[in-house]
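Chain lettering (A, B and C) follows the sequence in which the chains are written, and residue indices restart at 1 in each chain.
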Amino acid sequence: MKRQPRGWILLLGVWLVLAVACQLGWLAADWRSQHDGAEFLAPSAANPLGTDHLGRDLLAQTLQGSRIAFLVGSLAAGAAVLIGAALGLAAAWYRGPVDALCNWLSGAVAAIPGMLLVVVVAALLGHGLLPLCTAFAVVSWVGVYRLVRAEARRLVDQDYVLAARACGAPPLRLMLRHLMPALRPMLLAQFSLAFVAAIKAEAVLSFLGVGLAEQPSWGRMIADAWALGDLEQGRWWRLAAASGALALLALPVYRLADRAHEQTPTA
Amino acid sequence: MLRFALHRLIHALSLALGVVLVLFLVFESGLTGDPAQREAGRHSSARTLGEIRLRLGLFESFEATALRLRVEGSAARYFLEAVDGPALRLSAADDSEISRVELAGLDLAALHNSLAQLELPQGRSLWTELRADPNLPAAGLASALHGARLAVDHRRTADLGWAQERPAWRRFLHQSAALLRFDFGSDQSGQAIAPQLWQRGKRSLALALPAFVLGTVLAVAAALFALSRRGWTDRSLAWLSSLMISVSALATILFLRALLAGKLGWFPVAGWEPPHANYLMLPILTWVAIAFWPEYRLYRALLGQQAGGGYLTAARARGVGEARLMRRHLLPNAWVALITQATLALPFLALGSILLERVFAIPGLGSMVAEAALNSDQALLRAVAFLLALVYLAAQWLGDLLCGLADPRYREARA
Amino acid sequence: MILSLALLLAAAPPHEAALQEPQGRAAISGHDADSRSATKGQEAGGRNARFALASEPTSFDPLAAETTANQVIQRQVYEGLVEYDYLARPYRVTPLLAESWSVAEDGRRWRFELRPDALFHDPQQPPLWPGGSRPVLAQDVLESWLRMADARLPATGYWAMQGLIEGLDEFHRQTAGTLAEAEAAMTNALEHGLPGLRVLGPRRLEVRLTRPDRDFLLRLASAYFAVYPAETVARGINNQPVGSGPFLLAEWIPRSQAVFRAVPGWRGQTGPGGRALPQLDEVRFTTILENSTRTLMFRRGEIDRLPPLQDAFHDLIDGRQPSAELREQGVSLQILAPAGLTMIAFNMDDPQVGSIPGDLAGNRRRRLLRQAIARAYPFARWHRIIRNDAWAEAATTFIPPGFSESVGMPSSPYRTPDLDEARRLLAAAGWPGGAGAPRLQYELSGTDPVSQASGEIFAEGMRAIGLEVDLVPNTFAALQAKAARGEAQIFARGWTMDWADPANLLELFYGPNRAPGINRCNYDNPVYDRLLEALPSASAPRRRALVHVMLGLLNEELPAIPIDHRRGYMLVQPWLRDMEVHPFDPFACKYYRIER
């Protein structure tokens, strides 16, 4: 338990490097290339993770999948945290009608089942990275908002903030200078959890047919494996590659979040 | 107490209005495109589009005319018709021709140009007459005119229609009123929505309720177990739980189905026939397998917080055994938190699991939502979202009342 | 014709079936008792058939008979004047509600005599009529057909009767007028009939055609000409169908499930082997969208028949017979002659690939571009990935072989892959090596891997000659909407013939049928249109000549690239007997038997 979580951070770092390398076209750039007659090959030296129904290399797709995962995860989680934090700070700072309005809006959004709302927004906006991230952000800012608002309310009443406020410092600067540092660990934790949740949501939406199309995402790989009856045919490798990669990205995040939680005195 | 109940009820109702607003923004703000076009699906003649718009409340009225289009100008009434040529012909009420313009092409932009060239008496153009927005997007079949919408099918001249567009604020009122009356209208295929919600909701509950209860009981039991053992057991369960929630639910579902229904043949693969319990067992099992781990983490954290309370330390100091400690001290105190947690989860159960219902072909709300999303059936999606939100708010209200009843401080904090 | 509208790549025949394994049934405690009581004392085990639908049935309204799924469920309840002879090949029709008919010398005036023993059965409580049934009359035929032609209603099948019956188009126009005009036209037509559609007696109907039409009876056998009582419309025909067929709707979950039970004491029809029809007590249709789920259900005996698709074809099929494992279980395989066309469709209104009126030079270049695309298309790869190297016949032109019109038909030269020729054509079009050529937009027909694969295959093929392709993601419904608006540029399209006449496929390129009609290529050629209009009344040899000229036009102009003609493969469980797959009536359940 006392071991430093270096291993997990290292693993995340490796993923990030892979994703960036894919984004820059240094790695797995040929994931699209089809090989006639090489369909549904089992893992081998040439294709360490096997091939798919078009004879495309699954290792290349899995690597490309990390790029998509980082894009989806950081865009969606970033937007959710940004909206949630902005509204939460505003509500805590201004109180009164602003607080009431934000509460009302978040209450209304929270009342609609999140999974349903994600599916609806994604379906209405169409296929693509941005619609997907929008859908996720629309739903998941509420959780961030509530935590930020509660914590910020507590902070706003602290002496040092009151003092700064009395000096007439502009609110935005006050928020950034005095509140943000205190909120940062919580925001980071929220971001990382939303990051993983968004990646998982992408998989589900792709499976339901309203997610990404024409992108080598892990969700697509799982959905394809499902639709083409991979498991029933004994072709385990595509499902294993995609869900294994997803788990290897999610696990470090969860473990780090757990550790952070254990170290927080309030827990 | 009555005041408190009333206050919380008003709060819930205001949130319900908020839900209506959010749904309106999601579906009809224009951010998500033209709702009628989105829904038109297979048949998108102007007539069909017009009828969809009428049904969705976008139009005040819609009148499909075979060949002629009535144009209400500020001063007079004209008729616009497509004639052979192809050309557009504008005539007065007595059928005398006022103007005629050849259609340069069949795309919408050309149609717009032709419309703009039509001249009315006194040199005004039809466009000015209708005070049209000159920067019309050329996409889509309907062109937005100021205060009116002209639905033109440029492919089939026989399908012209004339409609009065409903302004956004009136659309919102109309829609809110309909939703609050539980008047959900009908879906794309013309089926009334309300009875489907009820029928399908029941089936979703048949899947979700047992799965939820089983999953929660198991998770709470495991959390208590971990708490009472602490140390190695607790740590490995924590580790295992973070590993298990890292695995995509999809992979779990597919694996369990391939193994239990495909390979071993213990359960039917998919479907819904009497006796329905047969078709529910595997989905319930899968649900529990997926939901157990996140719930375990939730309850472990929740109970862990309770266990940090002074009374437990005191009891432990008195030498009370761990098992007894859990049973007699921890659980009764955590009860309220557990129930609150469960009440708030209940409405979401009505949706079942979209994934599980889809995979196992259970005709509940979840599979309906999955299909409606693919078909962009907005009326259906909106109805499901609104109804479940209402149930959620009602459950929240009841939970508030219970807590308020139990604890006056709660009433003060919320009032 | 809109049988299986558009892209049947993934969901080959969008209908499929399933049955239940005896062991599975026994393992379900109490189920035998249930099914006994449900089927009113039929022998234990139940003569129940179970089928899976690959697309969603939405309504029992015959006006919505456009989709395959709706046709399948509606055909269990409703009957038309005639039906396809179940076993006869080549396909021909036999009497159903009509006991007999006669046709005048001019080939235009038809008289139908209805069977006196045909009854509408209402399963609802309380029923529409005392006793729950009433006879089928000629007036019902009139009313049902008029409803399809009523422009005020969203009928999807009017095209099947458009231009065919005297006075019907006039009636359609009248009902499209003002409300008062429409009502007057309807009242008048209900009372006096139309010039070409008259009730001569309680059970005698006269139809006058605008032209002699050799497809008339075939059209009558389609689902669009179903006969039902007007009383059921007001009560809600979407969910509470009343027909004269051998089955009643017992349970109905819109989009998900439809369960039918045999009508007690149905009028009786003698089927193959002298058995009284129907032979089933219960028929259950369940919507199962994923191929892999249906495959697994068939393997587990939960459904009675299965068209093997991409997901498991080679596992299930061994050459032209079921795999050894399935053969051991007694599963049999039926293979159907092709009755449709899969094509890569071009939108001829599109400025990049189509034909723009007046722009002669541009049209020539774009025609060369289409020809180059056809030459570069990797047919072999499509055949392997999408058709498992098996279940389709390469198309040489736009109609399948096996019909009298197909004898000696001209094949399209561009259908033979030839990369050098493709590059030459592209250069002739002014884009040597693809330099400067427009980026092509290929619209995907769904989110499933098979639809996506068809796009990838196209893109890969085009890359070989230097053309770049954007793959545009769509759901199936979204692509249909786009194509109906004329906004799709290039897309795969499948069409299953609505009746046994290849001219049905030629209507896909008929100018007046342009989008949102069934001519989604928006091919518009007056010469072609005139030839098609001449077809129905042409003599057989002249007809063949006309068809060949039309094919010649299409072969050269290429509003679409003909890919292949799907052959229906159907795996059948051993206990489903007397099941002969019929392409134009895919679930003729009244003839099926279950024997365990």
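Basically, a contact is a pair of C-beta atoms (placed from the backbone, for glycine too) under 8 Å apart; a residue touches a chain by one contact, two chains touch by 3 or more.
For clarity, every value in this text was computed on a predicted model and none was experimentally measured.
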Legend entry - Chain closest to the middle, measuring from C-alpha centroids that were averaged per chain: B
Legend entry - Selected interface, A-C versus A-B, where C-beta contact pairs are more numerous: A-B
Legend entry - Cα-centroid distance, chain B relative to chain C, in whole angstrom: 33
Legend entry - Computed distance of Cα centres, chain B from chain A, in Å: 22
Inset, instruction - Mind checking the centre-to-centre distance between chain A and chain C? Centres are C-alpha means, answer in whole Å. - result: 44
Inset, instruction - Please list all residues of chain A that touch 2 or more other chains. - result: 126, 209-210, 223, 226, 232
Inset, instruction - Mind pulling the residue numbers of chain B that touch at least two other chains? - result: 262, 358, 374, 376
Inset, instruction - Would you mind listing the residues of chain C that make contact with two or more other chains? - result: 290, 296, 299, 447, 475, 478
Inset, instruction - Could you pull out which chain A residues touch chain B in their complex? - result: 1, 104-105, 107-109, 111-113, 115-117, 119-126, 138, 196, 200, 203-204, 207-210, 218-219, 222-223, 225-226, 231-232, 239, 242-243, 246-248, 250-251, 254-255, 258, 261, 267
Legend entry - Footprint of chain C on chain B - complex, ascending: 37, 40-45, 48, 51, 64-66, 105-107, 141, 153, 155-156, 158, 188-191, 196, 199-200, 257, 261-262, 265, 268-275, 278, 358-359, 361, 363, 367-368, 371, 374-376
Legend entry - Touching residues (chain side chain C, partner chain A) in the complex: 290-292, 295-296, 299, 310-312, 315, 381, 384-385, 444, 446-450, 452-453, 455-457, 460, 471, 473-475, 478
Inset, instruction - Would you pull the chain C residues touching chain B in the complex into a rising list? - result: 5, 24, 28-31, 34, 50, 56, 58-59, 61, 64, 66, 151, 154, 156, 173, 176-177, 238-239, 253-257, 284, 286-290, 293, 296-297, 299-300, 302, 349, 357, 447, 475-478, 480-481, 484-486, 514-517
Inset, instruction - Name, in rising order, each residue of chain A that touches chain C in their complex. - result: 32, 34, 36, 39, 53-54, 126-128, 206, 209-211, 213-214, 223-224, 226-229, 232-233
